[in-house]
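Letters are used for the chains, namely A, B and C, taken in the order the chains are written, and counting of residues starts over at 1 for each.
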Amino acid sequence: MQFIQQLINGVTIGSFYALVALGYTMVYGVLKMINFAHGDLFMWGAYLGLTGMTLLVGWATQGSAWMIAPVAILVILVVALTGVLVERVAYRPLRSAGRLAPIISALGVAFILESLARNLYGAKWQTYPSGVTPSGGLMLSGGVRIGIMQIAVLIASFVLMGALYLFVQRTRLGMAMRAVSLDANVSRLMGVDVDRIISVVFLIGPGLGGAAGLIVALYYGSFDFTLGWTFGLKAFIAAILGGIGNIPGAMLGGMLLGVVETLASGYISPQWKDVIAYIVLILILLFRPTGLLGERIAEKV
Amino acid sequence: MTQLLVRLRQRPLLWQAGLLVLAILLPLPLGDYYRTVIWRTGVYIILGLSLNIIVGYAGLFQLGHAAFYALGAYTAAILNLRLGVPLLATFPISVVVAGLFGYLITRPILHLRGDYLAIVTIAFGEVVRLALVNNLFGITGGANGLSGIQRPNLFGLELRQPIYHYYLMLFFLVITIFAVRRLEHSRLGRAWMYVREDEAAAEAMGIDTVQVKILAFVLGSGWAGLAGALYAAKLTVISPDLSKFMESVVMFCIVVLGGTGSIPGVFVGALGMVTLPELSRPLKEWRDAWLGIAMVAMMIARPEGLWPSRRVQLEIRETKE
Amino acid sequence: MEPPLLDVRNLTKQFGGLLAVDRVTFTMAQGEILGLIGPNGAGKTTVFNMVTGFYTPTEGEIWFRGERIAHPPVGGLQRWQRDNRLLRPHEITERGIARTFQTIRLFKNLTALENVMAGLHHRTQAGVWQALIRPPSQHQEEAYITTEAERLLTFMGLAEYRHELAKNLPYGDQRRLEIARALATNPVLLTLDEPAAGLNEQETLELVTLIRQIRDMGITVLLIEHDMKMVMGLCEHIVVVDHGRKIAEGTAAEIQHNPDVIKAYLGEEGI
């Protein structure tokens, strides 16, 4: 059935959006700011993965699946550290500078990251070395096909999301993160090192984003520098859909957006793939701006 | 130096006239390329001033301003190409259409908090761009846009060369500055200040904050439409890229980096965001990176912008005492 | 008998599981000074917010000068009927109720004069057209706004600060400025939320004199306050709330000896 097929594809894409959305939502949770540069960090995951893969394949003269692990570790580490660096340099000094300044700074960082990528790698389409990712698949009943890659990325995505969820809910550090999201000042008074927590958030969020970049690049096999922009905006919308600042919300939002987008593309028209995200965004903001799982905040007079 | 500024401040007509003369004389010694550069700067000043009403006066986050720029350009183009309306006559219609769209999108979104408002405006900018790319209603020409727009015709003189477009732009720029200043120093301008400072308190003082914000949005958006028409008139070719997010960001930065809420600030912002990059074309590939660095550095060093509104007043008052 | 100026009937406000205001009822006559007192968290500011249109009652109504200005939201199609429309705060101000805030909410980066001019906004007309063209009527209106604002500043003793940024004023003067701004709206009823908070002995006495002057100008005053001495000396009519409910009402003398009031403030043990 075509519907099931679309559903599987939708969930796959949705998990990508979810991984990236988590980065947006976590940062907004603790800093109440939108990290416009997040999409570009995700994009750098794809580019760094490309470099890593190309090097490894060059050294081993042939692509193979085991290469993914070391490259993944490298990518996640570098992007995560970049995230921390960005926070330190571009956002921390602006904590008390009102709401406009962090937005501009974040956009500035986004431009820098984009320009770096465009100049270092070129504006053309990049392709990952072949042979790294398996291309086989399973045929399920009704003509529905699920690729091995799909299974692999779905597992990877869910493992990462599950790990994050456990981390946030079950560890002391995770609890501190939730506390800072609720009220940074009170947390500080309670002895939480807010700066450290924020750094951790910028480690995990971009780290997940970088991982997603690698996964997406492996899945599609090729990409160009507009990846950060298009994916980033949609993941961002997914985060809002679920309720910005809300971690399970980001996961739900990502999944939902991926499914809706794929279904619309399949049943209505491929052109709608791009527009549907914006329509979802406008609807959500009009009728339920705090998102599906978000909380209502009334302004105290 | 401050003595000179104080004296100039006391005789505004003097230095304003001086600037005007300078602006009139400016293109004469320049070649066509640089005349286009200053024309572009002027258009972005108009755009910056229009956005300044929304962001600087009323304090609303508008990151999709380019959409109205594009709507104005397309209105002018479509009226001219399809209905044969002479280009100059399309100008007021572009303003009205852009303003109308401004009204349509604000009414439902005004209750949103700052960050969310920013997001919706980004989305709107993208929706407009996508609608134009996908050739909505069959009149927008798709991804390649529209071309073959007629030259504007002023009393029989066909405006073809860049220098004529510069003076056309200058004419509207002067009107814009005049209008913006009048608005700033009026009951409405004050209402915008109050809403920006503390919306709940303004509401409690009997100010209809919703109406005030809508007015800012509609006025700012309509004016951007005018800039769009100017663009269409000179380039005779337009594309959906006019509504790109990058365009909106540039306009936003012009207002905020230059100095939020102040007219001179917009001038400074346009010089920095438009003229400077044009003059340093050799660095083009790394242009965005330098821009990004400039943005981050500016926010850290001077988040209120280079020439914010109240500062100059206070500085000079202190000198007087 | 003349209908009351302000008529609060069974006013109730529920925030989720919290019942902040519970069937509070009282009336105010023209020209009186009413003190709304009670321990912290008793619901006083919530009542204020409903009177001034910032919150909508869950139950109950508020009538002002014979008009219903607050009521619970109406569901269904009836919502669109004219009488059932919920009034926004600025419409309440237009009808003659002005307020100050518990934490001072002046326009901090604007001058004292500009702050007071804000109150005159709804009393004037000039729109976009007038701003651009500046016809003589606009000039007259601007002159009126400025002179009125100056007059109020002088009345409050703040004339010297007219071009000073509001945030630079001493605390006590900021409180007075907020009152000046509220007076600029030409209110019939002035609601003050803890106007004496943070004031010293001297400033509080001046405030009492000021409020009496305001009343003598024909303005009715409703105030929330914690300073007992001030309230007892100033208010002829006092309403005491605790945990959202009205527990006593009467003159200062009656309230002072009311056992429920004493219990609410001091707890079972003390007297």
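To be clear about the criterion, a residue touches a chain if its C-beta (ideal position, glycine included) is under 8 Å from a C-beta of that chain, and two chains touch if they have at least 3 such contacts.
Fair warning: this is a prediction, and the values are worked out from it, not measured in the lab.
Visitor: Return the chain label for which the distance between chain Cα mean and whole-protein Cα mean is smallest.
Guide: Smallest offset from the overall C-alpha mean is found for B.
Visitor: Starting from the Cα centroid of chain C, hunt down the chain whose centroid lies farthest away.
Guide: For chain C, the chain whose C-alpha mean is farthest off is A.
Visitor: Calculate how many whole Å lie between the centre of chain A and the centre of chain B, each centre taken as the average of the chain's C-alpha atoms.
Guide: 34
Visitor: Could you grab the centroid distance between chain A and chain C? Build each centroid from C-alpha atoms only and quote it in angstrom.
Guide: About 49 Å separates the centre of chain A from that of chain C.
Visitor: Could you state the distance in Å from the CA-based centre of chain B to that of chain C?
Guide: Here chain B and chain C have centroids separated by 41 Å.
Visitor: Specify, in ascending order, the residues of chain B that touch 2 or more different other chains.
Guide: In chain B, residues 200 touch at least two other chains, as defined above.
Visitor: Mind pulling the residue numbers of chain C that touch at least two other chains?
Guide: In chain C, the residues touching two or more other chains are 54, 101.
Visitor: Hey, what residues on chain A touch two or more of the other chains?
Guide: Those would be 301.
Visitor: Touching residues of chain B toward chain C in the complex: what are they?
Guide: Chain B residues touching chain C: 179, 182-183, 186-191, 193-194, 197-198, 200-210, 215, 219, 310.
Visitor: Could you pull out which chain A residues touch chain B in their complex?
Guide: 32-34, 89-90, 93-94, 97-105, 107-116, 118-119, 229, 233, 236-237, 240, 271, 274-275, 278, 281-282, 285-286, 289, 299, 301
Visitor: Tell me, which parts of chain B touch chain A in their complex?
Guide: Within the complex, chain B touches chain A at residues 61, 63, 108-109, 112-116, 118-120, 122-124, 126-127, 130, 134, 200, 245, 249, 252-253, 256-257, 260, 285-289, 291-296, 298-300, 303.
Visitor: Using the touch rule from the top, collect the residues of chain C that touch chain B in their complex.
Guide: 52, 54, 88-90, 93-94, 98-99, 101, 105-110, 114, 117-119, 121-124, 126-128, 130-132, 134, 138, 141-142, 145, 181-182, 184-185
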